[in-house]
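Here come two complexes built around chain A, the first alongside chain B, the second alongside chain C.
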Partner chain A sequence: MLFALKNTLIFITVLLFTTPLVSSVASAKGVFQSRADFIGEVFPNQPPQSKVLWITPELRQQAQKILGHPLYGLRIRYHRTDHKTAWILEEIGKEMPITMGVVVENHKVALVKILAYRESRGGEVRYRAYTNQYIGMGLDSNLRLNQSVDGITGATLSVWAVNKVVNLALYYHSLVISQTDH
Partner chain B sequence: MRWHSKIGLSIFLVVIFLAVSGVALNHSPQLNLSHIKLSNGWLLKWYGLKPATDQGFDFAGNWLYQAGDNQLFYNGQAVANCRPPLMSATQTQGLFAALCGDGLVLLTAEGQFIEVFNDIQGLPTHITQLASQHKRIFLLSDSEPLEFKVNNFSVEPIDKETVATANITLATSLPQQIAASINSPESGLGVSLETVVIDLHSGRFFGPLGVLFIDLVGLLLCVLALTGLWSWISRDRRNGR
Partner chain C sequence: MNKITLTLLVGINSIAIPQAFAETPTIEEMWRTIQVQQAEINQLKDQLADTEEKAEATVNAVESLSTAPVQAGKTTLGGYGELHYNNLESDNSTSSTDAVDFHRFVMFAGHQFSDKVRFFSELEIEHSIAGGGKGIGQNDSKPGEVGLEQAYIEWDLAANQTAKAGLFLLPVGIINETHEPNTFYGTERNNVEKHIIPATWWEAGAAMSGELRQGLSYDMAAHSGLYMAEGNHKPRDGRQKVGKAKADDLAFTGRLKYTAIPGLELAATLQYQSDVRQDEGAAAIDGTLFETHIAWQQDQFQLRALYAQWAFDKAINATKEGADTQKGLYLEPSYRINDKIGVFARYSQWDNTAGSATDSETTQFDLGINYWLHPNVVFKLDYQNQHAAGGTGPDGINIGVGYSY
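Let's look at the complex of A and B:
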């Protein structure tokens, strides 16, 4: 019995001292990729010049519904070739903005990447195992994501931020495609 | 058993605080902790939050300045996020540009936020000053000057002769009325209650020693559990069960 208790005490002590080390790796923050590198990766042959989507009152209203807060700014910058668009957007997770790159092709998500993460917790959203869940998603009739993702414990606000940005990128994509189709 | 009692008595207050603050953090959204701002002078000082300086950039009576909780103000209105310091600002024909700690903020001639050009977009991090000439914006630093191309969001090297004749607006003292308003609670300066509770809960509020102290309390809690279990087993043995 004494032997078992001794071993348990040693195990708990090791766990207590190693947990902060592991969690600090998981929550590492920083800039992971620049806009130029992201666009170069998405459009490897000839990165297109950036274009701007001007924010109309209707667009602003819908974007605010998606975000759940006011949308600031007068224009959104993006890159496009044919039916493929790339967006670099920011949304606050808890207190700091998370910069994300979203690629949409034929109204479906083709890639989601976290380019910069500045929060101290919740950085797990940058892992491919999480972001790959968005691939293939589109919009439903209410202009919301047509599928759900498995969240991450302890990173709820970051997950919400990624959801909003992916939703927004799909909405923006539908607008720029419809503008050129007409 | 004697050690069990001693340890329990020495940490019970801290344990109660950790339990209460933990519950509060678990229900932070419902309690709205992140929206409650604390702006006591000593707390701001403790967190190293400096009240905004009384300096701003004057463009023919229109003032651009930094105030509150990372906000860029234009004539009394918060117009965009702007992490301190607000290093420089300039005006071209048709727009304002403000160089903040987190990027180059672009505003219309009426002070409406257009968009931001930051390090991820390609803004070099060593830029310290802006200059302008007609519709051109120059980025200045100790190394070679650059021109910021607003249309395609890029930077290109520019010769020093061109920049030599460009306009540079230096920071000056804000008018008294604006200076009085920039550090008021209404400007948004403060630390969220959630941040304070998180830092107290983790011990970070008191620096590295505070974190070690909370670690120690955690370890002692484990010891308490084990000594409690040990005394329970010992009692059973003594009772012959």
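Let's look at the complex of A and C:
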């Protein structure tokens, strides 16, 4: 029993000493970038006013196919200049919503950023090495992503959440561009 | 009629003429008129803004109601399950299995107390019906068990630091923490992690985890340990499952994991327990577990490889010769043909008495297919061929269906 107590004390001591060491590195959870900062980064010269894409029955149906669950809400806000749109969307990974910023230009993904991550595991999806895999992706004829990404072991649900949001952003982009073209 | 018409025309003109010939308003009158109109425009603008504000508030209110299900709920539920059919016969034909078994029915429940404090639990029924206290194949009508596999409080100490206290899965191996059936190949979980690590393995204690730098994370835990009573030499027999568990000697587990490259996970775990006999017996038997693995996915190809080894004090050899070293490894390449279908092969070898001079190693080769009806629903079919001492290794097919949500 005394030995167990000693071991426990050693463990706690190690924790206390290592806490300052690891607390100085980049965070795995939390809000990494505000929505306003993201839009400011995407549109450095005077960000455009936000626009609204109203959710039509057709849009809702397609979004449900992409998400695998119903799309809630009445409209989607976005920012746009010419053929470039920026979307800030959320999707739950395992239990908590992941906030993501997606920029689409000429129907191709130009940028994916995880703005806030709240799950206990799977925070690797926020790494640039992971999100860069989406750059250049577009939609196939079924309105799904035309390429796949290398996933993260043990973080399948977070990977799926990012896939879905990128797919949605591409679909929304195609809608607002086609609305303008007509 | 003409008189009447004429009278009407005169009458109308007598009204219209004064207007037509009315004097042009002065600039002052026009200014006053413009000001009145401007005031009305301003008033209308205010009303319009007010209406837009109300419409915005209404839409927001409707959206906040309709989007409630996708927001982080305070309490979350989930689960997974798997039904297996095994048709196996040993090499020497002395034993066979022809059984259908709802192997696992699991329910998750979690609760978010605040942004930084949460609870998570996993309650499991194994083999469908519990209560008999025996095992499958032992003429037990209630061969299963009800188990609490996870129940812990987790809180964020800092942005990259998470602490945990309670009953939790140990950070070791590939499937110990992530074992929903749609996430791995093969109807049954692999034998190396089962017999050597031994997965699924949970203990009670305290743990911390976090990132040392991007892509390099750590876990460390102090927790209840194995209790390998006199006569037992396998780690799997030493799992106490935190049921009035002996806690004379705690165990300590540490893991480093590298995940900086998409598709790649490299990890190593070390665990030490000073006495797996929990202060019973003549001499203390300490045990050290070392485990390392790689999980690598490149496009449709995936490779999983794992090595695990226990080193116990030689005093354990008095119970079973060669039990001081127990080790195993497996290699599992797989290929995802499309979203629905994936095929795999797995070579495993393990030995719970590897310290002995006699050959006691068991090897197994698996070949199979997964069919994902939905990303969370999978059907599995595989063939296994096992070689064990005395020709007791079971060969045959396994079929399964599993889900998670």
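To be clear about the criterion, the second predicted complex is superposed on the first by the 155 of 182 C-alpha atoms of A that agree within 3 Å, B and C clash if a C-alpha of one lies under 4 Å from a C-alpha of the other, contacts with A are read in each partner's own complex, and residues count from 1 in each chain.
The working rule: a residue touches a chain if its C-beta (ideal position, glycine included) is under 8 Å from a C-beta of that chain, and two chains touch if they have at least 3 such contacts.
Bear in mind that the values here come from a model prediction, so they are computed numbers and not experimental data.
Colleague: Taking the superposition on A as described, I'd like to know which of chain B and chain C A:Ile152 touches: first, second, both or neither.
Modeller: In the superposition, A:Ile152 touches chain C alone.
Colleague: With both structures superposed, pick whichever of chain B and chain C touches the larger number of chain A residues.
Modeller: Answer, by number of touched residues of chain A: C.
Colleague: Applying the document's definition of touch, where does A:Gln49 land relative to chain B and chain C: first, second, both, or neither?
Modeller: The answer is first: A:Gln49 touches chain B but not chain C.
Colleague: Could you tell me if A:Ala36 is touching chain B, chain C, both of them or neither one (first, second, both, neither)?
Modeller: A:Ala36: touches chain B, not chain C.
Colleague: Which of the two partners, first being chain B and second being chain C, lies in contact with A:Leu115: first, second, both, or neither?
Modeller: A:Leu115 contacts chain B only, not chain C.
Colleague: Examine A:Glu95 and indicate which partner it touches, taking first as chain B and second as chain C; both and neither are also allowed.
Modeller: Both: A:Glu95 reaches chain B and chain C.
Colleague: Just checking: does A:Tyr72 make contact with chain B only, chain C only, both, or neither of them? Give me first, second, both or neither.
Modeller: It touches chain B and chain C both.
Colleague: Residues on chain A in contact with chain B in one complex and with chain C in the other?
Modeller: Shared contact residues on chain A: 1, 8, 72-75, 94-95.
Colleague: So in the complex, which bits of chain A are touching chain C?
Modeller: Going by the criterion above, the answer is residues 1, 3-4, 7-8, 11, 14-15, 19, 21-23, 25-30, 68-70, 72-75, 90-92, 94-97, 118, 120, 123-124, 127, 129-130, 133, 148-154, 156, 160.
Colleague: Can you list the residues on chain A that touch chain B in the complex?
Modeller: Contacts found on chain A: 1, 5, 8-9, 12-13, 16, 31, 33-36, 49-50, 72-77, 88, 94-95, 99, 115-116.
Colleague: For chain B, which residues are in contact with chain A within the complex?
Modeller: Chain B residues touching chain A: 34, 80, 108, 112-116, 119-122, 152-153, 192, 195, 215, 218-219, 222-223, 226, 229-230, 233.
Colleague: If you look only at chain C, which of its residues touch chain A in the complex?
Modeller: Counting only chain C, the residues touching chain A are 59, 62-63, 66-72, 76, 78, 110, 112, 115, 118, 120, 154, 156-162, 174, 177-178, 183, 206, 208, 210-215, 217-218, 220, 222, 247-250, 252, 259-265, 274, 295, 297-300, 375.
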